[in-house]
Every structure is written in C-alpha cells, then in structure tokens.
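Each in structure tokens, the structures are laid out below.
In what follows, chain A forms one complex with chain B and a second complex with chain C.
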Partner chain A sequence: MSNLNKYVDAFAAALEVAPDQVPSLVYGESPSWDSVGHMTLVARLEDAFDIMMEMDDIIDLSSFEKGKEILRKYDVDI
Partner chain B sequence: MLLEGKNALITGCARGIGHALMTAFAREGANVWAFARKESASFMEDCQALSQRHGVWVRPVYTELTNEAARKAAFAQVLADKQPLDILVNNAGIMGEDRLFQMTSEAEMRSIFDVNFFALLEVTRFATRLMARRSRGAVVNIASVAGLDGDSRIDYSASKAAVIAATQKLAREYAGQGIRVNALAPGYTDTDLVSGLSQKVRQETLARILLGRPADPMEIAQVAAFLASDRASYVTGQTWRVDGGIL
Partner chain C sequence: MTDMDALLALAPYGLDREAKQALLTRELLALSRHHAAGCPEYARMLSAWGTDLDRIQSHEEIPFLPVRLFKEFSLKSVPQEQLYRTMTSSGTTGQQVSRIYLDRETSTAQSKALSKIVASFLGNSRLPMIILDSSALVSSRTQFSARGAGILGFSIFARDRFFALDESMALDVEGLKAFLSRHRGSPIFLFGFTFIIWQHFYQELLRLGEKPDLSAGILIHGGGWKKLTSQAVSPQGFKAALGEVCGITQIHDYYGMVEQTGTIYLECEQGHLHAPVWSDVTIRDPWDFSVAPMGQRGLIQVSSLLPRSYPGHILLTEDEGSLLGEDDCPCGRKGKYFTVFGRVARAEVRGCSDTYEHT
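On to the complex of A and B.
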C-alpha cells in the first residue's frame, strides 16, 4: 500500500468519513474532527507510519494538507 | 493468572512499592518494562530472576524521569521492543522529611511536583498514545491517602491530590478510546519513603489504622494488579484507598 493510501485510510478510519471526502477535511469544520477525533487520528497516523509525533506537530495538524507537511519531518513522504 | 500476556510499564521499580509492583505483575503473568533511576547489579539480578521464575520478560530501563532527554531515550527503548503496551503504573515518587509549611522552600516543593506530578503526566502522555493505537489500555496512578486527607508535608500531599484530580480528568478524556485510568491511594506502607518520619508521627499514624499495622508493599501491589487487569473492566476515574482502615 502506498503512503498516500495509508494516509487517506488513517483519516477515513479515524474520522469516520468516506475516502473521497478526506482531502477537504479541516480540523473543527468536520463534525467528527473534534478533539477526540483528533487524538484518534494521531493514533492512527502514528500506527500507520510507526512514528511518535511531537506535541507541537499534534497541535499543528489542522488539515489533510498540513498533515502531509508535518509527516515529512518524520521522513514520511506522501 | 490475572495479567497473563499483558505488557506493563512500571516506574520507580528499584524499591518499595515499585519493586513489589514489578514482582506482583510478573507473578501474575505480565511482561514488564521496569523503570528505575539508577543502574544497579542487584536490580538487574532481580529482573532476571523474575523473568526466569515466571516465564515472562522483565526489562530494566534506567532513566531520570524529570529529564526530558533521558525520558525520551527510555521511551525509545520501549518503542524499540515493538511490543504493544497494555498497562502503565505510575509509581515513581518522592516525599522528603516531614516538615511544616513555613519550613518548606519553594525549590523543594517544585522538585516534589516535578517527580510526583509532571513526570507522571509525561509518562502518561507517552503511554496513552501507544494504548490509543489499539483502543485499549489501563493506567494506575499510585497516589496516596495524603492526597485525600492532607496529612503529610504540604508539597507531597498537594502533588498527590493533583495526581488524583489528573486521574479523573484523564479517565474522562480516554474513556472513549478504551483506556481506563484509576488511582490507588496507599496509606502508611512499610517502605524507605516513610523512613524519614519521626517515631512520634509513626505511632500517631499507626494509632489511626484499624488494622494496627503498616501495609506490606505487596498488599498495595496486589490491588494495583487487579485495577490494571480486565477483571476491573468497569472501573475508571476512581481512587481506591488501600490504607488498612483509616476512618
């Protein structure tokens, strides 16, 4: 599975949305992307890419696109 | 066995309640990352003996929990094992000599909070992130009756009260992710931690305990093992007194 597929799957599973809806997701604007959904998403991403994100990155993870940028810091290219 | 096949991270394992926790958890079938501050041959031997006796692994991890870099290095050791984490027992703590508020410096108070509260939160932050990946886990925070009754030095009592409040908040926050968080409040327990108490304070304390004796550390550890186990699957956000009956 490609990194992009793993990334999309993590969002879709954590936030309970269809994969085609994932690219437009923004924290706080999707009903399921609240604070609880956010930590579920972090858990899914960490598990999918075997990383531990820094607290600042967890706070900065505010959209699908921003997440790609953050994961690059952990040598994960989407 | 109560904890067969579970993997537990326990802090403050070198002596006292922590050593009893490590022993009780291994006896109940859990594998243990045994965090301790200082490396020692005797501690290493204890870990090896427990591993052999109970058919589990008990791995010593040496770290100074109040030091961020050292803490992260310890967490990296846990991650390197590529094993799921089922249980966290936050036990590491310090107390200091019993003294009056007016004789307790701000520096002393901060150092007690650094170990008893802030380091506990950072270990919890790490552990719950791993547990959340599998949507299950159990955290047991070793607080103290001093956190409920305010009957020890002010910084120790307040730090343990903070642990109890944090336990309730963490239980609320993590219930949806399948993680239970409870606290255990030991009373007067026969450990090095209380060796600084004066004879007078010891006698006064014993006089208030219905069972009339201090706890053996293993009596605390056994309750922690139950709280960490699936048999306590409907218990979260609670603080259990294990104090021999202080009424």
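On to the complex of A and C.
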C-alpha cells in the first residue's frame, strides 16, 4: 500500500469518514475530528508509519495537508 | 504583541524576576490594548476605571477582571467567525458556568504551554498514561465535562492510555495489572482529579488489599482539596497514603482554571506551586485589593499571556493563597512560587473534582 493510501486510511478509520472526504478535514471543524478523534488519529498515524510523534507536532496537526508536512519530519513522504 | 510561537519558545521556568516582570508588563499592556480594541465591554471597563494604559509602569497596575464576570457576560475579543471552541467551567447544577471563547491561536497556545510545562516535569518523550478516572467521561463526543476536557488536555502526553475506572467508576484492577506488565521498566504518567483518586483509586486499593507497583509512576493531579479537607486528608497525608498503597513517590498537585487553560501552576518536588514564564501570580489584600507582600494571605490574581480571543489575561480568582518566594526555590525553577488555601468563604463553590457527587 502506498504512503498516501495508508495516510488516507488512517484518517478515514480514526475519524470515521469516507476516504473521499478525508482531504477536506480540518481539526475542530469536522464533526468527528475533535479532541477524542485527534488522539485516535495520532495513534493510527503512529501505527501506520511506525513513528512516535513529538508533542508540538501533535498539537500542530490541524488538517489533512498540514499532517503531510509534519510527517515529512519523520521521513515519511506522502 | 510578541509572536505567540516566540513566547512559547521560552523555557517554562527560565526567567528571573527582572527579565520576567519586564516581559509581563510589556506583553500584558499590549494584550490590554488588543482586548480594548476587540472587546467593547473590556474597553468600557477600562475607561470606567479611568485607566490610562500609557501611564502604567508595572503589569500589577493594570485592572483585573473578577473571574465571575465570565459567567455573567459573553466576553470575546475576536470576531465570531474566528471562534471555534467554547470552554465552560465545571459549575454544579444550578450554578452559572463561565464561558470562555477560544480561537485557534489561543487554543493552540494553551496546548503548547501545557505541553512545555508538563514536559519539564515528565521529560520530552511521551509516556504510557494511566487515567485515574472513568472512560465514560470521553465517550460522548459532543459533551465534555470539565473533567473530561482536563483528561483530554493531558492525554497529549501519552502514547498508550488506560482508564483505570470503568463506566460505573469501579476500579479495573486486572486491566491495571495488564497495563503495568505491558509497560514494565518504563516511567508511567498518571493523571486524575484529587478527590476521585482518593475515593475511587486509593480507597479501592485499600479495600481490595491490592498493591500494584507504581514506583515508576509520576502522578499529576488537580481539582482542589475541598472534599479531602472535609475528610481531614492533608496534601502530605494524600502523598503518604498513595505511596504506601502503590509505591508512588513522584506526586505533583496543580492549580489552574478553565479561564486560563494552559498556564497551570504545577507543584515541584518541594511542594511549591510554580508560576511558569507565561503567567504570574499576584496576591491581593481582600479589603483594598492592594498588592500583598510576600507571605501575606490574600486573594490570588492570575495573569497569563495566552488569552488573545477573550479578555481573560488578568483575573482575580476567589481563591486565597500566599507567596512563598521568587526565583529561589531549592528545586531550581525561576519565578514566583506560592501556596493555595482554597476558596474564600461565601464564594461560589467550584472546582473540578468538587463537581462530582458521590451517590
């Protein structure tokens, strides 16, 4: 599975939305992406890419696009 | 105002009095101007007091707002469309709750400040976390109690979370043991509210005769002592009792409130609550509101550089405390350190764990 597929799957599973809706998700605005969804999302992303995110990056993870930028710091290219 | 990221890059307990007071005065004045421009009610209060911000020399001269104003008024300093979350305080039934309006910038700053403060106690790596509370608190997506919000705010420090209490507040001893054996050899972060910990963790372990090994645990707890004081449990007694039943020695109380989320006052190894670099504590005489000297008991004023979306940067609480010292705590942290005696008589009863009524 490509990194993009893994990335989309992590969002879709954690936030319980269809994969085609994932790119428009924004933290705090999309109903399922609240604080609880956020922790689930972080756990899914960490599992999917076998990484351990730093606290600041978890706080900064605020949109689908921003997440790609953050994962680059962990040598994950989406 | 200084860029928030630049402020947040400061070490949480790194500035001595001179540097910190200069920073606070500069930033709190800038924040006051920002709020006066964005919040008409705040501007009217400043002008009613005859405040001329241009003549103020120290941040302690800037008027404070009584914390209860946030119960009576909707105070915000940014346009409605920029708001994205409203925090409410933990008022019990029948009490009015505070409403705190957050935009993204303020909310993110709160999370980051909290993470820097807690990381300075726990270290930078995320630890396995035991939440000494009920999983039911975060099961509803739309409605969080202040307890649920507190748990979520601290959950960011975790990499594997376990709720020690089930939905009916019963201690899950087997789950706890399994979690501890999964993370053997690692420091464990524990979080909970003081009274809940006492009632549903400590007393249950005692009753069951269980002694889980939490000697590698670091507990952060808050919510106030009111209910424990009424059971004649002192902070020292709390620590000693927990140590006895599960071997935990690193226990840190914290003082904080929803009106200034993020800048919490964590208790150091010496038992002192410390003001982080982004906030300050001023003790005021309850009769004339003058600044009380070191050691004198009075009302606690909290000032924080984080609130930008609501004018809650300088608040007079209804709690009593006294300053213990500044820059010279044996733990090495700079800034003021103090102690809290609790809510003043006849003030409203409030506090996170106090909202929990045991039936």
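Just so it is clear, the second predicted complex is superposed on the first by the 78 of 78 C-alpha atoms of A that agree within 3 Å, B and C clash if a C-alpha of one lies under 4 Å from a C-alpha of the other, contacts with A are read in each partner's own complex, and residues count from 1 in each chain.
Convention: a residue touches a chain if its C-beta (ideal position, glycine included) is under 8 Å from a C-beta of that chain, and two chains touch if they have at least 3 such contacts.
Note that this is a predicted model, so its numbers are computed, not measured.
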Task: Touched chain A residues, chain B compared with chain C - done: C
- [ ] Pick one for A:39: touches chain B only (first), chain C only (second), both, or neither.
- [x] both
Open item on the list: Between chain B and chain C, whom does A:47 touch in the aligned arrangement: first, second, both, or neither?
Closed with: first
- [ ] Please work out whether A:56 is in contact with chain B alone, chain C alone, both, or neither, and reply first, second, both or neither.
- [x] second
Open item on the list: Per the contact definition in the header, classify A:4: touching chain B only (first), chain C only (second), both, or neither.
Closed with: neither
Task: Touching both chain C and chain B, counted on chain A across the two superposed complexes - done: 36, 39, 46, 52, 55
TODO: Within their complex, state which residues of chain A touch chain B.
DONE: 36, 39-40, 42-44, 46-47, 52, 55
- [ ] Enumerate the contact residues on chain B facing chain A in the complex.
- [x] 75, 79, 125-126, 129, 132-133, 176-177
Task: chain C-touching residues of chain A, taken from the complex the two chains share - done: 28-29, 31-32, 34-37, 39, 46, 52, 54-56, 58-60, 62
- [ ] Report the residues of chain C in contact with chain A in the complex, numbered from low to high.
- [x] 84-85, 104, 107-108, 111-112, 115, 119, 124-126, 138, 141, 144, 149, 152-153, 155-159, 161
